[in-house]
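Here come two complexes built around chain A, the first alongside chain B, the second alongside chain C.
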Partner chain A sequence: MKKISMSKILRYLLTYGLITLILVMATKFLQDRAWFLSVFFYLSASLIFSTYVISKKTPGKYLLPGVLLLCLFHIYPAFYSGAVAFTNDSNGHQLSKTQAIDAILQDSKIPVQTELPINYQVVLKDSTREVFLVFKYSDSSYWIGNSKSVVKLDQSQLKFSINGQIQSVDGQKVLASDQVERYINQIQNITIKMASEITLQPIDLETLEASQPVFTYNASVDQLTNVLSGEKYQPNDNGQMVSDSGELLYPGWKANIGWRNFTSVITDKEMRTPLLAVLTWTIVNAFLIVTFGFLFGLVLALIFNYKHMRSKRFYRTIFIIPLAIPSVLSILVWSGLFTAETGVIDRIFHISTPWLTDPWWARVAVLIVELWSTFPYMFLISTGAIQAIPSEILEAAEIDGASPTKTFTQIKLPLVVRTVAPLLIASGAMALNNFGAIYLLTGGGPTFSNSNGNAGATDILISYTYKLAFNGQEGNNYGLASALSILNFVLVGAISLYGLRKMKTMEEIN
Partner chain B sequence: MQRLGVGLLAVSLAFLGSIAPAQAAGTLTVWVNSGEEAAYKAASEAWASKNGVTVNIVAKCGLGDCGMSKLGPAGAGPDLFTASHDNTGALVKSGVVTSLSSVIKKSAYPAAVTSGVSFNYQQWGIPIAVSNIALATNLTLVPTGAPKTWKDLESTATSLIASGKASVGIVTHIDGYFMQPFFDSIGGYVFSNKNGSYINTKQVGLNSKALMKNAALMDGWLAAKIFDKSNTYDGSNFSNGKAPYAIVGPWSIDGLDKAGVKYEISSIPAVNGGTARAFSGVTAVYMNRFTKNNLLARKYLVEVVQTAAFSKAITKANNSYPANIEAAATVDAKSVAGKFGAYGALCIPMPNVSEMNNVWTYWNNAFADWASGKAKFGAAMDSAAKNLNTALGNK
Partner chain C sequence: MKIALLLDSKKFKFWMRKVLWRHLVGFVVVAFSVFPLIWMISGAFDVTGQISTQMLIPTHKGLDNFAQLFSNSSKPFLIWARNSMVVAISASAMQVGIGALAAYTLSRHRFKGRKLTLSTILIVQMFPQLLAATSLFLIINTFGKSFMFLGLGHQLPLILVFGGSALGVNTWMLKSFFDTLPTEIDEAAKIDGADHFQIFRKIIVPLATPIFVVTFLLSFIGILNEYLITSVILGLDGNKMTVAVGLQQFIYGQYGKNWGPFTAGALLATIPVLTLFIFLQKHLVSGLVSGSTKG
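After this line comes the complex of A and B, so read on.
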């Protein structure tokens, strides 16, 4: 018998444990009718099984986890928001079309006044265990029925108890009230359609409510008709029923609206004006942060490179602090410091600056905070780049009689920039998407007084997108937000691509 | 090995069959405001055990619609949920709630309360509590107690500020909801309203004639530091005795008690005498249109939520005022809740039309612009009204 090592057992336990877990989750998703996720999880489970248990191919073992997680957390959301961008998914347009029309029909029903409440009793058909309701309707006739059918009962079919209660129908006993509750799930879905469009629905376990529809729906021509006014409503291209006179019915449904979310960015003035300001600030903000952050970091690095400086280690530790503190924490502290008049900054300098309420000061505040959080990184990479410059080159420059300024501009700077350029471009892309700083510090505010979705002076594209999607004030507009996030992706992608191209040509020159 | 894999798959498929459907028949799920779940649980327990039903109270809601507009249609919503009545219009237009006209016992509530949960001639929620903001007076700083008139308030505040005892007159958020009493006091309104229902959203009163005439008063109060232009709600100013007055809601009471400050709750006096009316909000229980437990939920609403005892139990827990008339009669008029309620009876219901979404945006922005000194009050409100009219397609 082969000896089974502890590690082997552990490995098997882990692999099979993981596979079982994924299978269970896939099954859960199947029950919730989340088809994509379910299929994806089943597929993942089988792939993991074949890669780690059956096959001995090593590269797959290293690639698979990354690929699966990439699919789940990046590719799937990207495609999903891509799909949402072409719909009008927003408040009031969350239902499917059938749900929406159903809601319109249901909500407009007018209760019909009956002299006495319509009490019902429950009968089970012997053979099928189907639930039927027996009730007395207006003209003192008895009826039996459910959603499928309703028939009038003959007096001879009924048997009454002494106190006038129905005892049995066609020899079938009615259920006692304590038994009725067991069939609550079937009873609650029953809608009995009587003649002349009147419907009966149970409102509790004893009573039926009679109501009359205001609208009728004709599925073949896709048209709602108001029975009272005769007005006809047809679906418009924005997922809503509309009459000829332009009256809209609510709720609407989620509809495909093509490129309208994208074009509205240009055609809708309430969208265009704030978006232009937001876009400008996004780019200017990213550019300023990277430039100032880098210059500041570089200057510090040069100072630190000076041989005779003392207690370098102490200062270096201090400068790294902004990197070490979680930015959520530090930004919230900053926002407290910036409070007008009562904030620490205003108190120390005895000034009254509307830091977070004036558009220009808010932008300055954002820049200060972002500069504070980026310079340590820039300082680190600059230090690295400067120290990587071969000392022979610098010595040669010194021997050739180059002045310190010339050494800096002609030798150090080009070499440093060449090394850190890719990092600067990455920082730029990060700054374009620096949601946290904006959201926590100013919330994008102060807001412009006239804008769709509450855009503000310090909003960058991604924080504005967030506001459109989840702000809740203008109503959530997921469709438009998805379209904007795609625009954001294009913007960041284009700038990064341009930067990388530029860098390549620079390298060729060198 | 392969056999083991097939076995696992079989096990997982068997699992599919064995798991009971997502919700058992005898379970009701109710989403409530966080912090209030214990009160709801206690008040539902007797009914639940009597009927053999599990009432699952979950703290999921805060302001807004508990995310129902998204979760409801996706089938991820509860059976019932609580929301403030001003969401009614938006909930109905999103199609995520069911009409409760056949459930609500209208006579149990004041007309203003039922009109809050009415929309399109139907009732959509069962009211539980009424809550509104009110004026709190710091009794250490103002031993004479709550102001009877606006002049009283104004002179107390200005003299305290002048003597350096106070740094600001009234601690408040400078936004539509908190400033509504002062806005009302100088003649402004959001939509013209008839007996508490706001059907006519064509008539916007953000720049009403009376308001434009009196707008300079607001500028004066801001300059006199009666309102704090930094627009930060610094409650510690009030509890530390640096501000004589604060606008508070039932939700602030716990904090004030903990801070040990001596205060008095009262109505807010209007400039020209009488009372400045704040918005009153009704907390109500709404039914998810996509609930699978329609009848059970209705039963719960009738037998539990609609009772005076329930309204009383919930409001006792959070210092608000019962919506139910019978329960309200038992509230001690001298208690904090009683004082909130006394003022609330004079307030006007917050509009529940979905157009309010736009109103809040422009209105709040106008207040912010005014507080930051970007615009005078009249100009800020005038441009807000114009923007609002454009957004709503009026004119």
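After this line comes the complex of A and C, so read on.
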């Protein structure tokens, strides 16, 4: 008899358990109308099944977990940005159109005047313990109902007491007022839908209030009408209902607005000016920090790569301390040290500099902190590159009588730059998105006076995007933020591509 | 007599001319390097807890800031530390695990689409996840509408999001290490009847332990340091934040008031990472060397 090993059973349980779980999730997403997620989960389940149960090929078994997660949490969000960038997704524009119109109808209810107050009494159905309200409505008919349904009662179904109060319905006694209180939670959630859009809702333990939406929606012409004024509202191209006189109804819905997020940053001066400043600083900042960082690192590497010097190891260890402190914390500490006048830096140097409140000083502060955090890496790679220069070349230069300056500028420097160039370009691409150094140090500020309160002098694209999406002064604008992310994708992509090209040509040279 | 001889000696003159200034530069750079760390330490032990009166060596030393940090119930540092640990440990374990599986097959097996996979990983790596933070927020929000535990404010989706970057973060590094392990051992094991997963589990994994430690620690530190995606997904609710996000909320715009407890918290969070880093450095060098000689 063939022995069935534990690991085999475990593997079966794991595979089928996982597939079941994913299928269940896919179905739930389908119900909740999350189409992409649903399709992706169904597809994942079938891929897992075919890879681990049917297929005999090995590589897929090792790659699939990583690939699925990569698609869902790395590649999909990138494309999703592309889709959101063409919508007006933002606060007040997150519902679908039907949801938004429902919300407008619900929110706009006004009380309907009735001659007499509508009194109700409570009946509990024995079988289901469901709460029903019994009441006399408009003419003189009696009704029974709750949120789910409402029906007219026949006089014969009712039994009245001597003073005209309802005593029982279908032999079911109405609750006495002291009992009614026990069901207050259920009662207050009841909304009874009567004819012609009129709804009834309890306002206390005895009375119902009749109300009616101000608007009626006509789906065939896609139009809302205000019953009181007769004014008509039609959808505009920004996902909102608007009247002829330009009055907007809230909430709006998520609508496709085409290229408007992209064109508005070009045509709208209030957005163009700050965005241009942000874009410029993004590039200038990345360029400066890589240049300064590299120069500083290279000079240090030249100084400390000296054979007659002792305690080089000690210096090297201390120099890389900036790499070993969690950058979030070190930047926050720097930010405290830079506080004007009371901060440590101003006090020890006896100066009074508006570090974080003046645009130019704030930029200087950002560069100092970034230099502090990048020079160790630059120092390490420069040291590596210098040590990798073959000693024969340097000896040959010496024999040929080249001066130290000439040896440096014509041999050492070109060789080092050639080795580290791809690394520098990669650093540049990273520096474009150095969110922490900006957001945690200056918060992107000081804020421009002409930018709707969002962009600041030290903002780079990623921090500006973050503020637009999650910290907006005029609400969170996910659509616009996504459009700017795309700009950022293009920028990073261009620089990385340039780096790859450079790397390739260098491989060819070698 | 002796001193005069020493001062006069050729060696000393050489030292004065060629070496001394290097030490002077070294001293300045050291001061720059440790600048924030020193002030973090001095701030943490300065009882007055004020940035405006802080001296390099505090005049009133004590542990008051630590006591304040731990007793603040609206800024629960210990809960933040626990959140950070849960997220960082599980996410980096996931990153290393998933990365190792992919790196193994990319290093050991030759199959159609291998080159494509490798170059895709390279390209994806260029575009960090934080570029699409807005979309991640909206996607996790959609998740949460169907499954509460996968929604905003929960740790599981954050861990999965970090897991999603596993291929980009670790695979190349692990693969180049696996490439250095001789394939002869695999062949021998195959002849003995081992299947591909047994080779991975019983041969590759034990040999590659040093590189696993290194990638795990790098992932771990990276995740501890992550601010943007973490704050977007977990939100800024007192009990849900990580140390990085929590301390930022704690200090932001409050340098006058919360400086003392903040530096205390920052120091507590820095010590383990700094220690790990020193440990990691040794491992990074010696681990790579020992890994290649074991085979």
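Definition applied: the second predicted complex is superposed on the first by the 351 of 510 C-alpha atoms of A that agree within 3 Å, B and C clash if a C-alpha of one lies under 4 Å from a C-alpha of the other, contacts with A are read in each partner's own complex, and residues count from 1 in each chain.
As a working rule, contacts are C-beta pairs under 8 Å (C-beta built on N, C-alpha and C of every residue); 3 or more make two chains touch, one makes a residue touch a chain.
Every value quoted in this text rests on a predicted model; they were computed, and no experiment measured them.
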Worksheet item: A:P251 contacts which: chain B (first), chain C (second), both, neither?
Response: first
Worksheet item: Taking the superposition as given, does A:Y76 touch the first partner, chain B, the second, chain C, both, or neither?
Response: second
Item to complete: For A:S482, select first, second, both or neither according to whether it touches chain B, chain C, the two together, or no partner.
Response: second
Discussion item. Just checking: does A:W259 make contact with chain B only, chain C only, both, or neither of them? Give me first, second, both or neither.
Written reply: neither
Worksheet entry | Which superposed partner A:Y498 touches (first chain B, second chain C, both, neither) | neither
Practice prompt. Could you tell me if A:G66 is touching chain B, chain C, both of them or neither one (first, second, both, neither)?
Written response: second
Worksheet item: So, A:F160: does it touch chain B (first), chain C (second), both, or neither?
Response: neither
Fill in: Larger contact residue set on chain A - chain B or chain C
C
Worksheet item: Does the superposition put A:F49 against chain B (first), chain C (second), both, or neither?
Response: first
Worksheet item: Touching A:W35 in the superposition: chain B (first), chain C (second), both, neither?
Response: neither
Discussion item. With the touch criterion stated at the top, can you tell me which chain A residues are shared between the chain B interface and the chain C interface?
Written reply: 28, 31-32, 339, 342
Worksheet item: Along chain B, where are the residues that touch chain A in the complex?
Response: 1-2, 4-5, 8-9, 11-13, 15-16, 19, 22, 25, 64, 69-70, 72-73, 75, 90, 92-96, 98-99, 101-103, 120, 122, 229-232, 234, 289, 292-296, 298-299, 302, 354, 357-358, 360-362, 365-366, 368-369, 371-374, 380, 383-384, 387, 391
Worksheet item: What does chain A use to touch chain B in their complex?
Response: 16, 19-20, 23-24, 26-28, 30-32, 45-46, 49, 53-54, 91-92, 94-96, 99-100, 103-104, 106-107, 111, 184-185, 187-189, 202-205, 209, 250-251, 270, 339-342, 354, 357-358, 445-450, 454, 472-476
Worksheet, complete the sentence: The residues of chain A that touch chain C in their complex are 25, 28-29, 31-32, 34, 37, 57-59, 61-63, 65-67, 69-70, 72-78, 80-81, 84, 89, 300, 303-304, 306, 308-309, 315, 318-330, 332-337, 339, 342-344, 347, 372, 376, 429-430, 433, 435-436, 439-440, 443, 462, 465-466, 469-470, 478, 481-482, 485, 488-489, 492-493, 496, 500
Item to complete: Using the touch definition up top, name the residues of chain C that touch chain A in the complex.
Response: 14-15, 18-19, 22-23, 25-26, 29-30, 32-37, 39-40, 43, 51-52, 54, 98-99, 101-102, 104-106, 109, 111, 114, 117, 122, 124, 126-139, 142-143, 145-147, 160-161, 163-168, 171, 196, 221, 224-225, 227-228, 232, 244, 247-248, 251-252, 255-256, 259, 262-263, 266, 269-270, 273-274, 277-278, 281
